[in-house]
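Both of the next two complexes hold chain A, though its partner changes from chain B to chain C.
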Partner chain A sequence: MALTEAGDRLTIAPKRRRRVQKDKVLAVALVSPSIIAILVFVYGFIAWSARVSLSTWKGLLPDYTWAGLENYRNLFADPRFHVDIRNTVIFTVVFVGGCLIIGLGLSLLLDQGLKGEAFFRGLFLFPMAISFIVTGVVWRWLMNPAAGDRISGLNLIFDSLGLDFLENSWHATPYWGMAFIAIPAIWQMSGYTMALYLAGLRSIPEEVREAARVDGAGEIQIYRRVILPQLRPVTLTALIILGHISLKVFDLIIAVAGKQYALDVPAIYMWQTTFDGYFFGRGGAIGILLLLSVGLLVIPYLVYTQRQERNS
Partner chain B sequence: MTATAADIAKGAAAPPSNVRAKIWLYVPLILASIFYLIPMYVMLATGFKAFDEVSLRTMWNLPSGLSLDNFKAAWEALSPNVWNSFKFVVPASIISAMLGSLNGFVLAKWKFKGANVIFPLILFGMFIPYQAVLIPLVEFIRSINLFGGVWGLMLTHIVYGLPITTLTFRNYYAALPDDLVEASKIDGAGLLGTYRWVLLPLSIPSFVVVLIWQFTAAWNDFLFAVVLTSNEGWPVTVALNNLAGSQIIEWNVQMAASFLAAVPTLIIYIFLGRYFLRGMLAGALKG
Partner chain C sequence: MTKRVVALLAVMTMVVAACGSDTAETTVAGPTDTAAMTDTVEVFSWWTGGGEAAGLEAMITVFGAEYPDVTFENSAVAGGAGTNARAVLATRLQANEPPDSWQGHAGQELIGTYVAADQIEPLNFLYDEEGWLDVMPETLIPLISKDGNIYSVPVNIHRANVLWTNPTVLADNGIDVPTSMDEWFTALDALQAAGMDAPLALGEQWTAMHLFETVLLGTMGYEAYNALWDGNGDWSSADVTAALENYDKLLGYTNSDSSALSWQDAAQLVIDGDAAFNVMGDWAEGFFREIGEEPNVGYGWAATPGTAGIFQFLSDSFVLAKNAPHRDAAIDWLKVAGSLAGQDAFNPVKGSIPARSDGDRSLYGVYLQSAMDDWASDDVAGSLTHGVVANDSWKSEIDSSLGAFLTNRDVAAFQAALVASEAANA
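Then we have the complex of A and B:
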């Protein structure tokens, strides 16, 4: 008995060790196609883009003649790029602000234990499932700036309800047109912001509210002093998510307004100058600048959350 | 974010108090509902009108009957593109989900040297603005002769889908007890056996989340599609945008076409909304 058991152990052990070795190789083999793909498509392509941005490449054929920072210098002197930055700032402020206010407001309303909560939640969230192109095409007609006999869309509603003062030329408004492009974007993303806040509200333990109530705080005070401060991390997350969406905003503008100088943003400039105008060097530079701006926003946040996770 | 979809579904924490005192809360909720429903209303009300009933002046009126004129015209214009979308979106979602599951499994439960470095390296791919890779991507897809059609687009969506699918599965597997894997090892199962017989059967909910997320993201994508495909490969988003920009197609047909383009993801949302929410929160940082 004892002998055979020992014998078994002797024969099994090396086999298992070999299997473990084999499995280690297999594990690496399983993930390596993905890792190689990411290395090429993310890191390789970013490096390649950076190289293009430092070249004089103009026209259909690749040309990697060294240009130094020429493309970047030109961009910062380019009035169109100034319009892009202005528009991005206007869009970001209206879009992020609108989503945060509406999202927080709706989540607080839905947290009151009302009947039909699930219905409203589903309704506010469904725009998330739809593409910016669909949203854009519909809002293009809702925000039709035509007046007089050709009045339509929301202006027509305002007109027939006697709310004439609300009629306006939407995204055709000079200088501030971009603020109106944020309306469909808010339509699409405010429900998502609501979901983030609602998740935050639901993760606050009931004992915290109870304790405040015992201390004699009124419901409004509980919200101001206890609940809202607890939601700060959610606001930060939402700020990062919405902020990086607004830096990349592209298809929504195309679908609402097409390519217009007044409503230009870096992502559209990049697309147009590269694939319509063949200014590859400049297109590469805009791409890299977008990457840097998103990185400035996201990397500190990632480091912060990683540290939080390690501390908890 | 520690809160999850489960927290949301848990229900309100506020004490159930006087219903009547809360009735006024419905006012802002109903106003918000109108705001969210307006575009749907216009799409459907216009879509179901007969051609001779359509006019911008009466765009807010309900249709007098249920005519399919607009939807027929929209389908005629859009159907090849709807098929194009399905052709790459379905395989891209399945393949990137499968790969993400394998990656997540290895990174969470079969750690090898460097796994901790590799994970954040993969994650970073989730945050990049795709404009920063667009030029090399087009050059590369052209060089392997996949430019113009849907297969280059499929490859692109598989690769850029990997970070989010890997993240979702890795987080899911990391939460499962290590004993599961250890027990399976003691039973003599190898790496693949453990994956196939222990983890895969537990992964169905995560697969649903990831598949929904990938399907929605790829179906709704415009940027990759517009630079990587030509006429015959256009998916539905690019075709819809071109249709809306043309002077020939009437606005009422555009409305019907928009609705058609939204139908697949809307159906998924209506039937699998719970999972959709979960996927969204997991992919919180993917825009």
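Then we have the complex of A and C:
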């Protein structure tokens, strides 16, 4: 097969080149509608949002009066936006940290070659198939902060097991409530993180471990000095994927806690101020800041991976 | 391989293209269809379920009987308290494709949004023709007007300042229904002393705003409360400070898990005897009946402390679009919406009272009858949470500062934020 193809290439090269060009034209023609759609509906609207964020638009109908950076300045002086930033930081640290630790832990356990690995892999991955809304509704019941006679959910389980010290008010906890919202998110995404790590572990050849063993390294040393360093690129990938999910989190919070100031994040503020309050200029500014924060995370990563690919 | 990729991409682009044209068709088709037919009226609302949808159907039946030649097009959009519907409506108005008439909370929510954007017509001529000024409370009219122009036809009236009580709990503790803020605090203290941790039931953030507006009214009184909203009041005054301090104190009697409860959950606490009081609009009565409670047995009611003789209302109303595609039919619809027959068809099903004071009492239950009496005799004040007294921008800024107050309980900062939000948005 390979031989004949090579032979063909030698004899009918000019004809084939023409066909390649034709293919290219066809491909471009077929792809162009989606490229145009992306240009309009993604980049066009990003540009439009940026323009709106620099306007004084407040009210039902568009008003593009130039406001400069006024909306941005006001946001940075807005106590609600300060709460949003604080909540996003808390959520990101707990969520990303939790997913990485649990995901790595699960993948290391699965990598021990136990029986029924496929079953457990599926089990840990399943939560990812559920939407954040469903997760949120279920965890809203589980994390019910009611006490006394009306106790329910996890608190009730703790109570009946005699683990009273574990009972807490979950996301109704003052100041740190946001950390508890990260729990359902960790539940949902740590399986995915596990899959990433597992793929990383499987790409490390057995010979490397054997070589380390021959050199006299213990199992713990092998993980610390050989395996974990090789997983660094996986950690970076997971960090980027989880990080951008966490910066944009919206649906999970709405499902667990509704619209409330104590658990506000930029995406919720953007929605409320734009569609409930008609502050389109301010909403646009929040949207652009969200985009910038995600870009700050993702763009260096893209540059880095591209450079690596070019090097290899 | 490349061929397969190209084929896949081709399929994907077709899917994208198909989706695109699909949505384009649905948004364009509606208005053009209606424009082609002359005897149609398109009415936009967010009444898609429960008593609201049934009430709307009942009113449409009345409309069908009176105007058999006009096709009624019910453009209701589902989704939480109209949030989705209002976004759809905004898009249609920005594209200059208005429905003939749409639903909105009577008062500044409508006026601040649609009058400011020049999208609806004044309806004074209809009020004159139909004699509505004689059957609707005099103090209602300024609240649904701007510069002397009345902009909507209220179909139903809900009362916001209702204190729901558990009669058994009150009787067991020898407590009378409080009529002033001071009496209320005394009662709450007594209940706490008797071992009830949280005698006042509260739910998620918007119910906290609902409580807030009744405390403002109950502390400051009718005149001063109205003045806050019509520009003659002073948000930095000592009266407001006193109201905020009362509110702060009240929050101390509420359940700690309030942020996780819906309004139904909070109302349920009163029914179950876990709390003695709950402040909620009178749609709570519909909920109590639905779960099988008897009025005056399972639940009692009174005006919230300090607001006797004042009816703090909210109302769903219909407007007339400027450049309505079917203006005459839209006016016919509004005539039905404001008529006795229309309102008596809608309200018993929805569980509210008619905006007209001449409704047929026999159609309504015992609570609604008492509300009808009060509506006919009380002074009418407007609700903040439900869109009567403040425009949406102002309300959403108050909501932010109230949310901050719930977390930091800083009265001075709250008052400063209220002053600032009036200056920027009133």
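Operating definition for what follows: the second predicted complex is superposed on the first by the 284 of 312 C-alpha atoms of A that agree within 3 Å, B and C clash if a C-alpha of one lies under 4 Å from a C-alpha of the other, contacts with A are read in each partner's own complex, and residues count from 1 in each chain.
In this section, a contact is a pair of C-beta atoms (placed from the backbone, for glycine too) under 8 Å apart; a residue touches a chain by one contact, two chains touch by 3 or more.
All values reported here derive from a predicted model rather than from experimental measurement.
Colleague: Of the two partner chains, chain B (first) and chain C (second), which one does A:A257 touch, if any: first, second, both, or neither?
Modeller: In the superposition, A:A257 touches chain C alone.
Colleague: In the superposed arrangement, does A:I101 touch chain B (first), chain C (second), both or neither?
Modeller: neither
Colleague: Touch test for A:A37: chain B only (first), chain C only (second), both, or neither?
Modeller: A:A37 contacts both chain B and chain C.
Colleague: State whether chain B or chain C is in contact with more residues of chain A in the superposed arrangement.
Modeller: B
Colleague: Tell me which partner A:A147 touches in the superposition: chain B (first), chain C (second), both or neither.
Modeller: In the superposed model, A:A147 contacts chain C only, not chain B.
Colleague: Could you say whether A:F279 touches chain B, chain C, both of them, or neither, answering first, second, both or neither?
Modeller: second
Colleague: Touching A:D23 in the superposition: chain B (first), chain C (second), both, neither?
Modeller: Both: A:D23 reaches chain B and chain C.
Colleague: For A:L166, select first, second, both or neither according to whether it touches chain B, chain C, the two together, or no partner.
Modeller: neither
Colleague: After lining up the shared chain so the two structures overlap, which partner does A:L69 touch, if you call chain B first and chain C second: first, second, both or neither?
Modeller: So A:L69 meets neither chain B nor chain C here.
Colleague: Pick one for A:G59: touches chain B only (first), chain C only (second), both, or neither.
Modeller: Only chain C is touched by A:G59; chain B is not.
Colleague: Across the two complexes, find the residues of chain A that touch chain B and also touch chain C.
Modeller: Looking at chain A, the two contact sets intersect at 23, 26-27, 30-31, 33-34, 37, 62, 140, 144, 150, 258, 275.
Colleague: Quick check: in the complex, which residue numbers of chain A touch chain C?
Modeller: Answer in residue numbers: 23, 26-27, 30-31, 33-34, 37, 58-62, 79-80, 83, 140, 144-150, 169, 171-172, 174-175, 257-262, 264, 272-273, 275-279.
Colleague: Under the stated contact criterion, what part of chain A meets chain B in this complex?
Modeller: 16, 19, 22-24, 26-28, 30-31, 33-35, 37-39, 41-46, 48-49, 52, 62, 102, 105-106, 109-115, 117, 120-142, 144, 150-153, 156-157, 187, 191-192, 195-196, 198-204, 206, 209, 233-234, 237, 240-241, 244-245, 247-248, 250-251, 254-255, 258, 266-267, 270-271, 274-275, 280, 283-284, 286-288, 290-291, 294-295, 298
Colleague: For chain B, which residues count as touching chain A in their complex?
Modeller: 1-5, 7-8, 10-17, 19, 22, 25-26, 28-29, 32-33, 35-39, 42-43, 56-57, 59-60, 99, 102-103, 106-107, 110, 112, 118, 121-122, 124-125, 127-140, 156, 158-160, 162-163, 166, 188, 190-192, 216, 219-223, 226-227, 237, 240-241, 244-245, 251, 254-255, 257-259, 261-262, 265-266, 268-269, 273, 276-277, 280-281, 284-285, 287
Colleague: Over in the complex, which chain C residues touch chain A? Could you list them?
Modeller: Of all residues in chain C, those touching chain A are 2-3, 6, 9-10, 12-13, 16-17, 20, 83, 86-87, 90, 93-94, 113-114, 116-117, 119, 197, 204-206, 255-257, 259-260, 269, 274, 392-393, 395-397, 399-400, 402-404, 406-407.
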